[in-house]
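Each of the two complexes below includes subunit A, the first together with subunit B, the second together with subunit C.
Now for the complex of A and B:
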């Protein structure tokens, strides 16, 4: 392999970032998507618009606001400072916060669609079978929305993997700490190290492809109830 | 034990305003054309339809009053929907266990094995819903509703999604269910046939209002109601098996007005049997016919008459019997015949019954 240690580092950081963000996204996105799919709240469209904002905003705009908010003088950064910590800009934690916000629509929307497509009937049936609302969510909605969870996780992961603008704005480009693969490739191209760029890009391509193949093959195998 | 309910629901232009007092025994059918509010009524009883202005008191327990509302999962009902609606991610066994696991041991009054046996689903237990036919799925759905040992079983047109062949396949199971359990059943249907076969008590809904409520046999032959006006209208007669005539291959059935002779059915003596007599299969004579191929001829009195189309009248007859309110028959005859025989309420006639069908 022709990858240099910094490239391996960038690759590792990227995967770690994508995995952590995906887990957090599923944890936060599931209740939000469930609520959006069930509520009759009139202001629902406002929440949906806010969740979808990262889809239309240039990453640099989002990154810029996050930089301000997470910086030592911003509300979030200020809070971290007040409790004796470091403001999360230019750190791995800051990248996670940024990716979670940036990739939120890619997780919430498939989950919301999956919950919606279950319809009300299975949940009504569960209610007549003595299932409490919590029970209905865990034992009926979540298993029936299984493919939605797979889609959401894949999209969340993939989107974080390819992140560039937001990371650059709030993470800087600190090798070994906040330098992710997409930025490493950019740096290689900038310095005309095309061979190096090829190796890194190719590795990322291979990893992404294998991941998707694995997920979709697995999902097909387990989806016994929809031939 | 009873349901005492006043359901009031408004959805756009549709209004349901149904006042009901139902016995907590036997099968109560809720009958009405589609759009009459039957399903909404059932859903309201199950707590699936918000109805803050309604009142539902079941066996003395308030389920719905203006101040309180028992959530669906707290109501001791079992509900079978039009479509089987099995959980697709679970096997048949897991579908049955879903509700079963959520009730306490002391509430498990109906053995699960009994329901499985009653609906003959034991070969299906390890399959997934998509591997079953619609009829099998609906049988599982019924067993699943029984598995929570409800105090009331609510059935929302459980046969509506099926073709005629499937209906014939499921109906015997429903009949067994009605006969074998002493669970009160509320059965929503728009099929006169199903009602005639299954119901003891009948509630007729029209445009969101209760237009009749009483014993099924009386309501089915009430000329003022749409049920008796349908082209295939029929009267139901409760009989018991009296014996067999092996020489001619006939079964003898006793009823309050005498004895029916029908084609052979292998049933033990004293079995209760419902007989359905189509109004089109009953003809009337003034003298007792002596030379006729028709076996079942009974003395009766004209109770009521109503026009049925341009050329026909529907005649409601009370068969002569020892009791005050004799069994009822319906006869559809031409207006011309009615005039020739000078039929009017109180007139004594002989009813010739061309055929009678056992319906359970």
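Now for the complex of A and C:
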């Protein structure tokens, strides 16, 4: 007994989803985290609370809201429809939107902490050397916050890999499109195909472990190389 | 522990039994329990959930006294593995399937809409997991539409989630439990029962609890069957 083609498909979709979501999260999360770490804006706590919300909400609740919001009668889905597109529910794109929201705190919070822990001094020193804000960000803050980026990427990726409740709600279990591996495993377990479930779960476990080992080993090496 | 749970009586007692019930039957079961409790001295607590999960929980020692499943396979396995009381298994209801859309003019009275291009998504329950999903698959296979419709199918994990897909407007129509949509607006096609294998929902007794025993006996009475019928099931 080995993995069926649809199981490989589900694994592939999951990895693709996790990778795409992580890239988008880093792109969106970096400026947000930077802003949160630097701003003196009084309402900052409100933004922080909103970012942390997916941590608190049960995934099925988040999924339910997304299903309603992204659907043709909801604000987001309605907008898509109005501009002549398709509401993103039941599609891979819909899953990306869901994952980005779902994993947002796991990326923003480590980044924000990393930026904060740099302190003001290195940035001030750079400023006295006439570094522009842009240069200070790219050549001082980002390199110093490197391990924060690694943590953020690993957490964002891992959290999306294990995503279940949200996908269950907005995916529709379409093989090759929205059937991710956690759903495939769940289907196997619920239909009493335990051997198959073990195979898929074991493969996912092995892949995840290898990925994490790779990332952390790479991160360590980096540190050694640092002058 | 009990204080944390917010109740000051134990989960089950001499008079109170805990019954696991399939989500599709939950609201009907509530009505039945109300009538039953008025007539007898017993109390029934319902644990609502999917039959697959209940089954796994019972296999791992969950403290249910009886099990109202959404299918017949799982009660049968429980009986064969001696987790259920011998000879207590019976069919308490036949599930009915309805093709339903919240749009009032979409579904016609023969289900011919399924041959058209007037919808993007048809929601069904997962045929591997849910008896209603299997019945939906049988219906579409029997009408020779399975392959045509496959790209447009979205699957709910259970029949309640399938209803949510349609009710939220994400799928234009769906093959859902009649019990769920009988009183809803929109357009309906009650799928004739001979178009798929019967969705036999079976009950088993898991312990010898007198309240659970009495409740299952009550399910077979004319009064109970009338409630079950009115709610959109048929009775054996």
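Just so it is clear, the second predicted complex is superposed on the first by the 222 of 227 C-alpha atoms of A that agree within 3 Å, B and C clash if a C-alpha of one lies under 4 Å from a C-alpha of the other, contacts with A are read in each partner's own complex, and residues count from 1 in each chain.
Here is the rule we go by: a contact is a pair of C-beta atoms (placed from the backbone, for glycine too) under 8 Å apart; a residue touches a chain by one contact, two chains touch by 3 or more.
This structure is a prediction, so every number in the text was calculated from the model and none was measured.
Asks: Of the partners subunit B and subunit C, which touch A:174 in the superposed model: first, second, both, neither?
Replies: In the superposition, A:174 touches subunit C alone.
Asks: Considering only touches as defined above, state whether A:117 meets subunit B (first), subunit C (second), both or neither.
Replies: After superposition on chain A, A:117 lies in contact with neither partner.
Asks: State whether A:39 touches subunit B only (first), subunit C only (second), both chains, or neither.
Replies: A:39 contacts neither subunit B nor subunit C.
Asks: Touching A:195 in the superposition: subunit B (first), subunit C (second), both, neither?
Replies: Neither partner.
Asks: Is A:2 contacted by the first partner subunit B, the second partner subunit C, both or neither?
Replies: neither
Asks: With both complexes superposed on chain A, which partner does A:128 reach: first (subunit B), second (subunit C), both or neither?
Replies: After superposing on A, A:128 lies in contact with subunit B but is clear of subunit C.
Asks: Pick one for A:140: touches subunit B only (first), subunit C only (second), both, or neither.
Replies: In the superposition, A:140 touches subunit B alone.
Asks: If we count contacts the way the header does, which residues on subunit B are in touch with subunit A in the complex?
Replies: By the definition above, subunit B touches subunit A via 46-48, 71-73, 77-79, 81, 83, 85, 87-89, 98-99, 102-103, 128-130, 144-145, 147-148.
Asks: What residues of subunit A sit close enough to touch subunit B in their complex?
Replies: It comes out as residues 121-122, 124-132, 135, 139-140, 143-144, 146, 224-227.
Asks: Which positions of subunit C touch subunit A when the two form their complex?
Replies: Listed in rising order, the residues of subunit C that touch subunit A are 50, 52-53, 56, 120-121, 123, 126, 128-129, 153-157, 161, 164-165, 168-171.
Asks: Subunit C touches which residues of subunit A in the complex?
Replies: Per the touch definition, subunit A meets subunit C at residues 64, 67-68, 70-74, 77, 86-87, 89-90, 168-169, 172-174, 186-187, 189-191.
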